[in-house]
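Two complexes are shown next, each including chain A; its partner changes from chain B in the first to chain C in the second.
And now, the complex of A and B:
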């Protein structure tokens, strides 16, 4: 078969093949992102995402959006600029959260028996939808970084508060006050995670008094903007087409 | 075409493998049996656990047991390990097979990290509530920031019953009684399922139409603008507005349902009370100490001076949780783990009572397979070849005195 001969013989066949490729590419993208993003998120967000007693108003709110805007920015750079497909962020987040749920359910609960209400992942969906919508409507990665990145950081806490709030109800236990989340961390023994490793409620934002979550969210949003730019360029670089000279092949 | 298909199929398979691997990548530490692999000097020259008591060997699900005892924070703490200024009284079990219902040092509840002082001795207690049936090795454990876990002795405990019966009831400060084991779990699933479906809906809206090749052709031929229709934009705005509305609704309804919440509690606890140890009236000088590699025995020449008013005898040498006893003086009745107990492991050249005011130089040999089994012999390969341990002396009335020893150790290979 010569290279110039077409692989398909009719338009219907071409459409069918193209559709098959769509599914294969999407599946590959989904699973590859799931793998890479999940590892990235475990290494950078790690314990903040694993445990309810790390989901605080300062560091979790700051760290999680910053380290998670990475892959969505890169994948958006590919899907939008090459295909005008505005689902780069959501496909990443759906993949990540599926991987996380598999891990938490099978490993944390199924293998090690940590209750699921202690080791559920963070919710990143609202930010992903906004990020995709902003990119689609603006068709500008600068605007997406600024407005979308901002939204990404700001909606993280509200998107998770309904899930964690019940665990922030206080309880008196042996003469000390805990939140239920603190008590989960104390009761469900993590031999490898001593209490001092827990980085929560630390920082220099004390001057803002009680309302630290919004302040942390704003800070996180600003950094998310910068990280979006950075990873947007990673995404571009990663999916650029290089042509090499035919001579000497 | 076929080759491309094959390639993509191959790539998909690789990606799937990657995904599965990553999902399996992390499991929180399930095992706690690091005691033997821990450097010998870490076990000998940091925290000395003694007077340990595991209240039960067998416990039913929902029943409790305690591990209590004392630990001495060695004054000659090694330079290579951070001082125990930030320490956490942990428990070495394979995951939450028990829940830690309480832990105390010097009578103070210690759910968080504490500051310990070198040279002090503390009393501790850990209350455990059985959760998952099985045979578990239960260790005492102290985590030291910058030093890692310092694992104490472990003992096998059997949990009987069924985990499905386990409950963890608590009453909150807002007056609700809850079971922490599955509290708010439905809520977690509900919000995750709801948001995931919305995200999925957005994705499906786009993947229903032809994706990569036709759109790529359109983009490269300058027709990118035709790919997003006015309806698409309306739907997108709908999703964005819906997202914001749901966020606001979620915040509102949650704050209404849980008007009282507090931030996570954290912070170092200071001022932990040590035990007031009585002035010791026994003075011990280590003249020399050698470890005989082939004989698995440590030999010390000690000059013991009795400054008290009752005759004393040496009953026990305790190092790295291994207890060498002189059976004539002391018998263990606490059910101490067999593998760590050398009931007749201590030989004293002359262990007749040392009278008040008397000073005597004796040869003390501590020999047991435990030196090898627990890899304590490895300390001769340490950068600072020293040993340390606790000596327990008993007077005529059975009163006990604890003396710390810490001296260089010379290995002997013949």
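And now, the complex of A and C:
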């Protein structure tokens, strides 16, 4: 084949073109996933993620892993199964957490003046590392769903414990005992503050004392496995390269 | 240029494969513009955006809404019309190098689309949560909504449709028909804008300040999933670029 039929002039140029395109693809994938994942997460688990007084031992632990395993499963279906890149989950989580941290600083604090130690995002990085490592070692989405999905749910609370523990210290205030996080919420009144709208530790499981978080984490892990399967297949669908006829559209 | 050298310097007379000036100018344009918008929100949200019945609300916020809506219609029709009007009618007979150059231009559009999606779906959407957890709304057109729904969403829609039109009118890889995932990745996020109708209807029907995880918001969630269709677009692009580069990279 003559040089005029080639898109590049040399191997070095081909390498440079390939590397440049890698960065452009990664940037686009990162920002598009960030937008889609962030809007999904903020509107399915957002309130638990926004405020420390929502970060309880029961519903936060249950909801956050279930709704957050979605995009990592779908992006793994692309990056691992098509390109053997073992960082689908961590790309998603880094994107999501970057978007969240920018927002909490510049808007939650910068525009509406909530202190950052009241509106910091949940930490999802330990679960993402486990999910990627299980997929890389097993090369099986079934094992990743069962073992990785289980780990995703179980590791969420321990992964956040060093951050949330100081805010779960009990305090007495005007004759009432609640947590320091609740006291923060009491002082930083929001339009969604009233108890009828706040979904925190409902039911009788709280009376079991120490078992609340592990039981919630285990239930969350179980549902995370199912959601992983579902979103793996969503991811496969979104990977299609089909064309359809323009007629009739 | 001698074929035996490994230099990647382009011929002086030839346009570069990637126009880096355009790429960086586009990224900076959105960054500077949205930084200005964020400054405007910070100043006039508090000083003129709390009471929609006040005259200053009309001055600083409703006028902004009217101006941005007119500009968006003008820019969208001009840009989309230009891309369509200047389409290549012999797209299947371009040289491989010209095809590669157009892929780079296409990727500049896609980078801008991702960047615009970030600002719309992430930055200004979560920002809306904290504004409405702080200020009880007395109108559908709050300062946060005027920026989020009627500025940042139309901007990513205009950018995404432009990228789609560019690919359809200039790249051989998209001449088989209509790429299903490309349409999902553009039309899905677009549908978030009409879904604002449901959102506003619900917010005026049920008083619900401001539970972000309320089922009323699930329409946004569903259409946000469509951003994942960018994976299908990437796969089409990788296949096309592999065809163009494979023998040179071997």
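The rule is short, and it goes like this: the second predicted complex is superposed on the first by the 229 of 249 C-alpha atoms of A that agree within 3 Å, B and C clash if a C-alpha of one lies under 4 Å from a C-alpha of the other, contacts with A are read in each partner's own complex, and residues count from 1 in each chain.
One rule holds in what follows: a contact is a pair of C-beta atoms (placed from the backbone, for glycine too) under 8 Å apart; a residue touches a chain by one contact, two chains touch by 3 or more.
Quick caveat: nothing in here was measured; it's all calculated off a predicted structure.
*Asks:* Of the two partner chains, chain B (first) and chain C (second), which one does A:128 touch, if any: first, second, both, or neither?
*Replies:* first
*Asks:* Would you sort A:241 into first (chain B), second (chain C), both or neither based on which partner it touches?
*Replies:* It touches chain C, and chain B stays clear.
*Asks:* Identify the partner contact of A:175: answer first if only chain B is touched, second if only chain C is, both if each is, neither if none is.
*Replies:* first
*Asks:* If we overlay the two complexes on their shared chain A, which of chain B and chain C does A:191 touch? Say first, second, both or neither.
*Replies:* Both: A:191 reaches chain B and chain C.
*Asks:* In this superposition, which partner touches a larger number of chain A residues, chain B or chain C?
*Replies:* Per-residue touch count on chain A favours B.
*Asks:* In the superposed arrangement, which partner chain does A:108 touch: chain B (first), chain C (second), both, or neither?
*Replies:* A:108 contacts both chain B and chain C.
*Asks:* Which partner does A:214 reach: the first (chain B), the second (chain C), both, or neither?
*Replies:* After superposition on chain A, A:214 lies in contact with neither partner.
*Asks:* Just checking: does A:75 make contact with chain B only, chain C only, both, or neither of them? Give me first, second, both or neither.
*Replies:* A:75 sits against chain C, while chain B stays out of touch.
*Asks:* Quick check on the superposed pair: does A:99 touch chain B, chain C, both, or neither? Answer first, second, both or neither.
*Replies:* both
*Asks:* Between chain B (first) and chain C (second), which does A:117 come into contact with in this model arrangement: first, second, both, or neither?
*Replies:* The first partner, chain B, only.
*Asks:* Could you list which residues of chain A make contact with chain B in one structure and with chain C in the other?
*Replies:* 7-8, 15, 17-18, 20-21, 24-25, 27-28, 31-32, 34-36, 38-39, 42, 50, 82, 99, 102-103, 106-108, 111-112, 114, 190-192
*Asks:* Using the touch definition up top, name the residues of chain B that touch chain A in the complex.
*Replies:* Counting only chain B, the residues touching chain A are 1-2, 4-5, 8-9, 11-12, 15-16, 18-19, 21-30, 32, 86-88, 90-102, 109, 111-113, 131-132, 141, 143, 145, 149, 163, 168, 170-174, 176, 178, 180-185, 187-188, 191-192, 195-196, 198-200, 202-203, 206-207, 210-216, 218-219, 224, 227-228, 232-233, 236-237, 239-240, 243-244, 246-248, 250-251, 253-255, 257-258, 260-268.
*Asks:* In their shared complex, at which residues does chain A touch chain C?
*Replies:* Result: residues 1, 3-18, 20-21, 24-25, 27-40, 42-48, 50, 71, 74-75, 78, 82, 99-100, 102-103, 106-108, 110-112, 114, 119, 190-192, 197, 234-235, 238-246, 249 of chain A touch chain C.
*Asks:* Tell me, which parts of chain C touch chain A in their complex?
*Replies:* Touch list, chain C to chain A: 1, 3, 5-8, 17-18, 38, 41-42, 45, 95-97, 99-100, 103-104, 107-108, 110-111, 113-115, 117-118, 120-123, 125-127, 129-136, 156, 174, 176-181, 184-185, 189, 192, 208-213, 217-218, 220-221, 224-232, 234-239, 241, 244-245, 247-249.
*Asks:* In the complex formed with chain B, which residues of chain A make contact?
*Replies:* 7-8, 15, 17-22, 24-28, 31-32, 34-36, 38-39, 42, 50, 53, 55-57, 81-87, 90-91, 93-95, 97, 99, 101-103, 106-108, 111-117, 120-121, 123, 125-126, 128-130, 132-134, 136-137, 155, 158-159, 161-163, 165-184, 186-196, 198, 200-202, 212
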